[in-house]
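In the two complexes that follow, chain A is the common piece, with chain B as its partner first and chain C second.
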Partner chain A sequence: MPKIKFIEADGKEHEVEAQEGQSVMQAAMDNLVPGIVAECGGFASCATCHGYVDEAWLPKVPPPDAAEEGMIACAYHVRPTSRLTCQITVTPALDGLVVRLPLSQTSE
Partner chain B sequence: MDERIVIVGAGQAGGELAAGLRKQGYPGRIVLLGDEPHPPYQRPPLSKGFLLGKVALAELYLKPLATYERFDIELRLGARVEAIDRTTRALALQDGSRLSYDKLVLATGGRARRLPLPGLPRAPIENLFSVRSIADIEAMRAKFVAGNRLVLVGGGYVGLEVAAVAVQLGLRVTVLEAAPRLLARVTGPEVSTFIEQLHHERGVDFRLACEVQGLELDEAGCQVRAVRIVRHGIPEQIDADLVLVGIGLVPNTELASAAGLAVDDGIVVDEYACTSDPAILAIGDCANQPSAFAGGRLRLESVPNAIEHARVAAATLMGKREPSAAIPWFWSDQYGLKLQMVGLSAGYEQCVTRGSAGGKEFSAFYLKDNRILAADVLGRPAEFMAAKRLVASRAQVDVTRLGDAAVPLASLAA
Partner chain C sequence: MHAFSGQKLEQIPAHVPPELVYDYDSSRDPRMLEDPHARMRSLLLEAPPIFFSPHNGGHWFVTRKQAIVDITMNPEVYSNSLFHAAESPAGEGEHAAPQPGFLMLPISTDPPQHTAYRAPLNQPLAAKSVAALETAIRTMTNELIDNVLDAGRCNFLSDIAEPLPVTLFMQLAGMPTNRLAEFRALATQATSATVDHATREQIFKRIAGILTESIKLRQEKREDDLISRLLDANIHGRKPTFQEMLGYSITLFLGGLDTVVNALSFGVRHLARDQALQAKLRADPSLLPGAVEELLRLYGVACPPRRVTRDVVLHGVQLKQGDALLLLLPAANYDDAAFPNPEQFTLGRTEQHMTFNAGPHRCVGLNLARLEMKVFYQEWLKRIPPFRLDPQAPPRFTGGFNLAVTSLPLVWA
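Moving on to the complex of A and B:
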């Protein structure tokens, strides 16, 4: 099973075992990783599953579609590496993925 | 002995609270009781992808069963609570057992409002449905076949989503609405017209400003054959193979009121989710809470509210005080078009739109004193997040620029 490491804004790390085919957001939810809210349940409607994909991993993660780009643009604490984790599917190629979490999903 | 928190209602709010307590390192026992046979699940897809057949049952579950076990959350399904005994701090369950609590959280949600028609038979009518649970969808699924005539009583968001799914599955759909326009309580006329158009173009028939008078049953009294309505004084009978009633939610407050807790359109709680009994909290659809954003009390029915209210309750139970500053928001999905609504438009004086209502996407902003109270964003997700920030900031905006779709919304802030 692919492993994913989530790093909270305060540096606390959570390494979880993810299921292939689920989203990175769902892997965090299943393992009670704090820092992801996922209000819309994975339908790219809320931008509260926002995370920063580690630079080294960016080339291996398929790019966002237009809907995701739109939602991310005005999310809180955006950086160039920002993604909606519900839109990234876990594959064997992502074993070891590192995702950092923003200070807050819902406010400045 | 370990402290024990018991949560009644294993829905969106209850599940979120149990998880939130463990995330924060709560060391005591957590018992999560739910009367449905499913672990906490998302209801939004019920009237969208799940009814359409695109979302599978397991995908509705917010977390797999294994998660509850791994994090020591005692999830008991099919467990219905019948009464609260506040003096002994114990619950009476339907199976006759008792369960004591140190802290109790009511997260009981609500149930579909029934048609207020006198003379309806007591026995269930086989083709009369409502949409609240997985069981409701499973019961109606066999009727969702091409050619069947669906009559929807009530044109709210959930009903309109069902209408959209039904059209996509080839049903013939008629929506009956008491108000003179759709979604009259929650949106402005511009949005009502847009949504009516959206459905009308795809073949949905509407009877607005109509009053449902009764149901025509078959001889055995088990099936509805038609719905009798009156519109502008003219009676009409609308034939149906199935009827769906979507006229709102009744909060499940009976446990609370029988236990002597204050109830007024929901279980009355303070900004920390506490009821008048300091050992009992209430969250989610069943709770009536003060809202800093609205400047008054309200009862919300949305997933973001369930999650936020669970966060507030988790903080309270952990000995902290973290009232909510959240802004209500909601989404809907009809024919693949994303509708995102933020804020509360009540009391607005001006509606400014961007984009074209004739086209496939537009946004409506509800203003008072040049401040944006609320926004409905239809098919423009990029604008939603910017709108949410504008509503949150309560900043005054330049109305001319707001109405100019060429001006980026984000630039209006500040």
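Moving on to the complex of A and C:
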């Protein structure tokens, strides 16, 4: 099973085992990773599953579609590496993926 | 007979076990009419967590937070597309259809179609975007306060709560403000529970007519408003059709008016009955955002429906394809499993309330709603002296798809 490492804004690390085919958001929720809220349940409609994909991993992650891009613009603490983790599907190629989490999903 | 038909089922369907039947009429239950949210709490204590009631065509009610979250996260099984074209009860219930083939957007669609329809609303209604409306909301609130301040009394519902969101909607959407009075009157009637079926249908036609005019004007010339932005939205690689534009406008109109009106009214009623809380918030307005959130929890409004698309077991209850559910979000906010001492106003709760629901349809207007409420309370508490309910005229309520206030007379010294 692919492993994903989530790093909270304060530096706390959570390494979880993800299921192939599920979303990165779901892997975090299944493992009770703090810092991901996922209010809409994974339909690119809330921007509360926001994370920063580690630079080194960006080339391996398919780019966001228009719906995701529009929703990222609504998130807080946006950076060039911002993604909605519900829109990234776990594949064997993503084994070892590192995702950093923003200071807050719902406020400045 | 179909769910939400308004009629009472004579026979309980065979798949519904008798112990799950509970007699609750969401528009006429006497205890609900007495005090809607006290009734929500009693449903949690007295009724099965998922129960079937024969009223209004016969359908299920769900009252627990976890079950509702599970439902909303699974739109494939629990659909927002309520009626198949053949059985569509035009002009009935929440998803009333002014014309055949008409869809309320994005609310009556399911993912993945829903995601495409919802996307164009997300940015214009994001917290960062609606912040630009703060000054306008403050000005409107103060104008409404000017009208009642010296009288020492008002009917909060008709004097303040109803005009505020309508005025704001017209500005947001880009409606002609010279028709404000007409539109206000229509909006009030459209969402009033006391208007009969035929009249309501007429009112909807007139609202659709006004919205149609506004859309046509913006088709000719774009302005800086929501209708203009939607006209240029990209849905599956094309711009929205006229029907779709009407579908958006009517949903925004219905979704953004009655809900705010009632959330404000129930919240103000709470404050009118709690002088200590009024004093605390006057002394420290920085508590307001938290207080607004807790008032939203205590006084949920909307109870959205879902349709079951295949036989399924929900938290131990067998549901059949075609069954209808009403999600009692205002009851879920009194679920002890999520909110200890649920009847108590407690600042700083961390558990998310259900007033805006969860899942893909979670309210897209929640940032605007929160902003309207925050600015309103800031100005109201600053300018209106300690206020209470009019002892001669207690508030009145009604139910249905929304828990609602029909009269709220207030007095102050």
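Odds and ends about this structure:
Just so it is clear, the second predicted complex is superposed on the first by the 108 of 108 C-alpha atoms of A that agree within 3 Å, B and C clash if a C-alpha of one lies under 4 Å from a C-alpha of the other, contacts with A are read in each partner's own complex, and residues count from 1 in each chain.
Note that contacts are C-beta pairs under 8 Å (C-beta built on N, C-alpha and C of every residue); 3 or more make two chains touch, one makes a residue touch a chain.
Nothing here was measured: the structure is a model prediction, and the numbers come from that model.
Superposition of the two structures on chain A leads chain B and chain C into a clash.
Of the two partner chains placed by the overlay, chain B and chain C both lie in contact with A:71.
Once the two complexes are overlaid on the shared chain, A:40 sits against chain B and chain C alike. Of the two partner chains placed by superposition, only chain B is touched by A:29; chain C is not. Of the two partners chain B and chain C, more chain A residues are in touch with B. In the superposition on chain A, A:81 makes contact with neither chain B nor chain C. Once the two complexes are overlaid on the shared chain, A:91 sits clear of chain B and of chain C alike. With the contact threshold set out at the top, residues 37, 39-41, 43-47, 67, 70-71, 73-74 of chain A are in contact with chain B in one structure and with chain C in the other. Residues 19, 22-24, 42, 44-45, 62-64, 67, 71, 303-304, 307, 325-326, 331, 333, 338, 340, 380-386, 388-389, 392, 409-410 of chain B are the ones touching chain A in the complex. Those residues of chain A that touch chain B in the complex are listed here as 29-34, 37, 39-41, 43-47, 67, 69-71, 73-75, 106-107. The part of chain C that touches chain A in the complex is made up of residues 72-73, 111, 114-116, 118-120, 122-123, 126-128, 234, 352, 358-360, 362, 364. Those residues of chain A that touch chain C in the shared complex are 37, 39-47, 66-67, 70-71, 73-74.
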